[in-house]
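First chain written, first letter: the chains are A, B, C and D, and each begins at residue 1.
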Amino acid sequence: MKRELPLFLTAVIGIFMILSFFVPHQLVSVPADFLQQCAVIMVAFGYVLGGANVLRVNFDGIYKQKPGWIYKIVLVVALIATVVVGAVEGPGFLNPGTRSKWIYDNIYSNMSATMFALLAFFIASAAFRAFRIRTAEAGLLAVAALIVMLGRVPLSNALTGWLPEWARLQTVQEWIMEFPQNAAKRAILMGAALGVMATGLRVILGLERSYLSGED
Amino acid sequence: MRACGVPAPAPAPAAPPGVTAALVAVLFLGLIVTAAVAAPPEPPSGLVWQDVPNDAGRAVMLEWKPSPADSARRVTAYVLERATAPGGPWTFVDSVTADKHEKKDQGVRRNTEYYYRVTASGPDGLTPALSVTGPVMAKSEWFNRTRWSVLVAIAMFFAFVLWFISQAQAGKKPFVRRIPGIDAIEEAVGRATEMGRGVLFVPGIRDINDIQTVAGLVILESVARLTAKYETPITVPVTYPIPFTIAEEMVKGGYLHAGRADQYDPNSVRFISPEQFAYVAAVTGIMLRERPAAHIFMGAFYAESLLLAETGFATGAIQVAATANVHQLPFFVVACDYTLIGEELYAASAYLSGDPKLVGSLKGGDLLKIAAIIVVVVGCVLESGHIHWLTQWMVTQ
Amino acid sequence: MSPAPFNTPEGIGIWIGALLTFCVFSFLYKDNPFYKLAEHLFVGVSAGYYIILNWWTVIYPNLLEPLTKAFAGKGVTERTGMFAAELGDYRGFLLFPALLGVLLFTRLFGRIGWLSRWSLAIIIGVYAGLQTTGFAQGDFVAQVQASLQPLWTGNFLTSVSAVIFTVGLITSLLFFFFSREHKGALGVASRIGVFFLMVGFGAGYGYTVMSRVSLLIGRFQFLLEDWLGIVR
Amino acid sequence: MSLATFFEKLDRRWIFLAMGLLVLFPLLFPLALPLFVSSPVASFVKAVDSIPDGSKVLMSCDYDPSGIPEMVPMTRTALRHLLDKKCKVIITVLWNGGPGLVDKVVRKVVDEEYPDLKYGVDYVNLGYKAGDEAVMVLMGQGIVNAFPKDYRGSDTRSMPIMRGVRDYSSFPMLVNISSGYPGTKEWVQQVQARFHLPMVAGVTAVSAPEFYPYLQSGQLLGLLGGMAGAAEYEKARGEKGSATRGMDAQSLAHFFVAFCILLGNVVQWTKRRRAGA
């Protein structure tokens, strides 16, 4: 009973949502609208659960003094402080001048932006150390990468600006993006769409049980 | 377009030929002059309505012929009004600039009768409407007829997949070709055994709700069978708790299948951290310290694919990668010895596991790709001959 | 322009932001305590921020407020009655997602974790339905429909490009065909398909370089303009 | 030690240093290389120009601080483009990390350049909502049903700008600035065809190639790709923003990466040829 009924519920709701795409009638569109409102609310609860899970895992880490538990204390304190400050400041907690906005602007925003900035360095070292042209395919990839990479920036106009219009790096890059690249990406899009539709069907038929892991 | 309601009286002046033509011209000139000076513009005529199809009965499309004064620039806007009875209290719906002669009224309630009238307003005032159109009713429909093509695509695909799943379950395993990527994995594990070093298997950095992670873990079971047979150590760093438990089951199952359950090392599967860069720091640490000879990346990868592939390349290990995230494939293709591209990840998991639902989905997808190719070829030929019905049929609103 | 001041909260904030930026950049040299500290601070703040954001912007306005109004029999429209629901104004029926949302938390306590399956069932059902139709229409049917184009337009170049596009599309699709061995004509087609895919990945590589470099440019602009105030 | 082995043994931190300097130098001493507006950007400008002046436009900013250098210039230029056309802009943010950043950007543009515009009358920031595709389709049956409160916590049903706004049919176009999931792909799949809402999009460079098929099929009427797209949009609008200032650094960085690729392979060939000989 613990597994079959939730699977049956998923099947019914999945089929109903597919139906709501084809049937504009209000007897289908209003319940579908309600289900979407429920999904919005439950996904929000999911994020709160995620935060609680992070708290639990790190409390466990601190309690068992796992390696690096000092850092976990910083994590837990930061988490609780952000939640308490936000709760105190009410619905307008992100308006300018509030403490939550200060934490957001200076700690969260800066860190989130910097995390990925590291990649600019790694892309250069990977280009030098790990970009090996060993096969015809890798060679074609390299040629296309160089044309697009150079054609997309202003310096290319300075270099190939003197050539006739059609031969300029910028135009060649635009043609590559508009035709061969577009065809390949469209084929990949269609393949991925079939993958998602297959997963949707397996979920609706209850064949996809991965989300039911845990005690029976 | 249905036109009904009180017909507008259309004046039809008799025009005997010749002599009177000049008179009419003078009269007409006079009319223009006077109209320009005083009379408000003549009303528009022929107001017709149509219930907007494929909706829940919430909109009506109204069209009318422009008032004769429109061409003489003496109309600035057409005002549309609505009432629930022919003579009843008129409520303002909307006003439209002179160049437009249609308006979609989206504020109607379904299955209720309305009456509409449209008047032309200009600098010289507003003329009362002559014709009233009604009763107008918007109905709710059961099927959006423009979405036939999507319904056909989904129905066909589901039918193919279900048929192949039942075939596979009935024992008649449908043919799935052995993609070269699988040979590359076996060769990588073989090379690691020759060099007496371990195998590193990374099942992607996402949780179990990403189907790439599921495919990666299915392949892990077959790789674990190989490492068990060759008695080569395997290391599997994982990001989330649920994939961690499933990865343990997969590696145990692999050793069981190879008949070497006793050789299973419990800490070969390690839980690291869901945080992307902390995970990468730990995995690159394993690459540099334990120096496994083969790295296998199978699952969902994002910006960190670059760091893993580069460090792996620097250690000289043989690397085989697979992900369906298209934006990460370039880095794997140039840095790894072999890369399974996009859907080949799913094909590998279906081939290795033989699981009916994976094989069924793959074969169903194949058939629909063939159908798509046929439609594209036929469509292009038709389009080249300027025949557009197929293209129009597939447009969905 | 002078560097960020010390006395105003914004000024102190920018100095802390710059300090954290350098902590993260220290990872370039090697993994070190400063980087670990900054990273754990980031994970803690973002987890806490997600909790309070989803509380004040979703759970409170979309669930709690309508529910409290519903218990008083009122709602958005003038109709009274706790369950007098209509499109967009679900009043008492919101008890249903409220209960299921709370059930999600049973996952934290192992034994009764299976109760959360009801919430997961609905979430997964809704998204399976939405994504199946969304991908079927947007990424499959619409893409096929847009590929139906005349192969002979008046002008020579556009015709060649249209033919190249169609050949590229068909051969790339055939590369992802797994029901027959890639030999003979199918083998040639899939080989051509791989070449088109490689041009696609090359373009992807080029554009990814721009994205990653942009992030570094953004960081330097923050340091130069907001923090040091050198450049404007 | 031959040149090849020197490069092979080269510590990658030298490459990090070179990249850092190459990006820093043009920010301090701009080269101001000329920009050319490419066709996807030109069609973006044309599409936004075709919006009737004074109409209400939905602008969804789905990104977080990790997208600042590419997304913020696009948001600023698009917002100025709409406000110059006297359009009333309704903003939504579907990313967890985005609302604070988007509000700061919008507030800065309006307070400094359009002081006479009033919040809740000429523009509104509806803030964040969870649910990705679900909230997009939810808005299809009623924008205020999905967003009962705005970013500042005040009631949206009583706002003048929201009067007459029912669902997507109230907007002539959607301007979407997004850097991943949920973003342009989900808007195209769930809203563009289903609710007949014409759409233009500004996306990060890494995701731009994936959206060219949508541009070719007409699902997107215009596309801005990464910082280059933002800079060309600024040029087309006669502005000189942070994207334009960053393009010189992009040029040097791109040529440096290209140089690294070629050098790496030359080193590889010489090593293999010497090993072979």
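Assume contacts are C-beta pairs under 8 Å (C-beta built on N, C-alpha and C of every residue); 3 or more make two chains touch, one makes a residue touch a chain.
This is a predicted model, so every value here is computed, not measured.
A.B. asks: Using C-alpha centroids, which chain lies at the maximum separation from chain D?
C.D. replies: Using the mean of the C-alpha atoms as each chain's centre, the farthest one from chain D is B.
A.B. asks: Counting C-beta pairs in contact, which chain pair has more, B-C or C-D?
C.D. replies: Output for the comparison: C-D.
A.B. asks: I'd like to verify one number: the distance from the centre of chain B to the centre of chain C, where each centre is the average of its C-alpha atoms, in whole angstrom.
C.D. replies: Here chain B and chain C have centroids separated by 15 Å.
A.B. asks: Using Cα averages as centroids, what's the distance between chain C and chain D in whole Å?
C.D. replies: 14
A.B. asks: Just how far, in Å, is the C-alpha centre of chain D from the one of chain B?
C.D. replies: Computed from C-alpha means, the inter-chain centre distance equals 21 Å.
A.B. asks: Using mean CA coordinates as chain centres, what's the chain A-chain C distance in Å?
C.D. replies: Centres of chain A and chain C (C-alpha means) sit 4 Å apart.
A.B. asks: Tell me, which residues of chain D touch at least two other chains?
C.D. replies: Residue numbers touching two or more other chains: 16, 19-20, 23, 66, 68-69, 96-97, 99, 127, 129-131, 134, 137, 141, 145-146, 149, 151, 153, 193-194, 206, 209-210, 213, 216, 228, 250, 253-254, 257.
A.B. asks: Please list all residues of chain C that touch 2 or more other chains.
C.D. replies: 27-28, 39, 43, 46, 49-50, 53-54, 56-58, 60-62, 87-88, 126-127, 130-133, 135-140, 142-145, 147, 166, 169, 173, 175-176, 194, 197-198, 200-210, 212-213, 215-216, 218, in rising order.
A.B. asks: Residues of chain B that contact two or more other chains, please.
C.D. replies: 147, 150, 154, 157, 277, 303, 326-327, 330-331, 333-334, 342-343, 369, 372, 396
A.B. asks: Quick check on the complex: what are the chain B residues that touch chain D?
C.D. replies: Per the touch definition, chain B meets chain D at residues 59, 106, 326-327, 396-397.
A.B. asks: Using the touch rule from the top, collect the residues of chain B that touch chain A in their complex.
C.D. replies: Within the complex, chain B contacts chain A at residues 54-57, 110, 140-144, 147, 150-151, 154, 157-158, 161-162, 165, 208-209, 211, 214, 242, 245-246, 276-277, 303, 306-307, 309-310, 313-314, 324, 326, 330-331, 333-335, 342-343, 346, 357, 361, 364-365, 368-369, 372.
A.B. asks: Note which residues of chain C are touching chain B in the complex, please.
C.D. replies: Result: residues 27, 31, 39, 43, 132-133, 136-137, 140-142, 144-145, 147-152, 166, 169-170, 173-182, 194, 197-198, 200-202, 204-205, 208, 212 of chain C touch chain B.
A.B. asks: Where on chain C is chain A touching in the complex?
C.D. replies: Where chain C meets chain A, its residues are 9, 13-14, 16-18, 20-21, 24-25, 27-28, 36-63, 85-88, 90, 93-94, 96-98, 100-102, 104-105, 107-108, 110-111, 113-114, 117-133, 135-140, 143-144, 147, 161, 164-169, 172-173, 175-176, 193-203, 205-210, 212-213, 215-216, 218-219, 222.
A.B. asks: How about chain D: which of its residues touch chain C in the complex?
C.D. replies: Contact set of chain D toward chain C: 13, 16, 19-20, 23-24, 27-28, 66, 68-70, 96-97, 99, 127-131, 133-134, 137, 141-142, 144-149, 151, 153, 157, 185-186, 188-190, 192-194, 204-206, 208-209, 213, 216-219, 225-228, 242, 245-246, 249-250, 253-254, 257.
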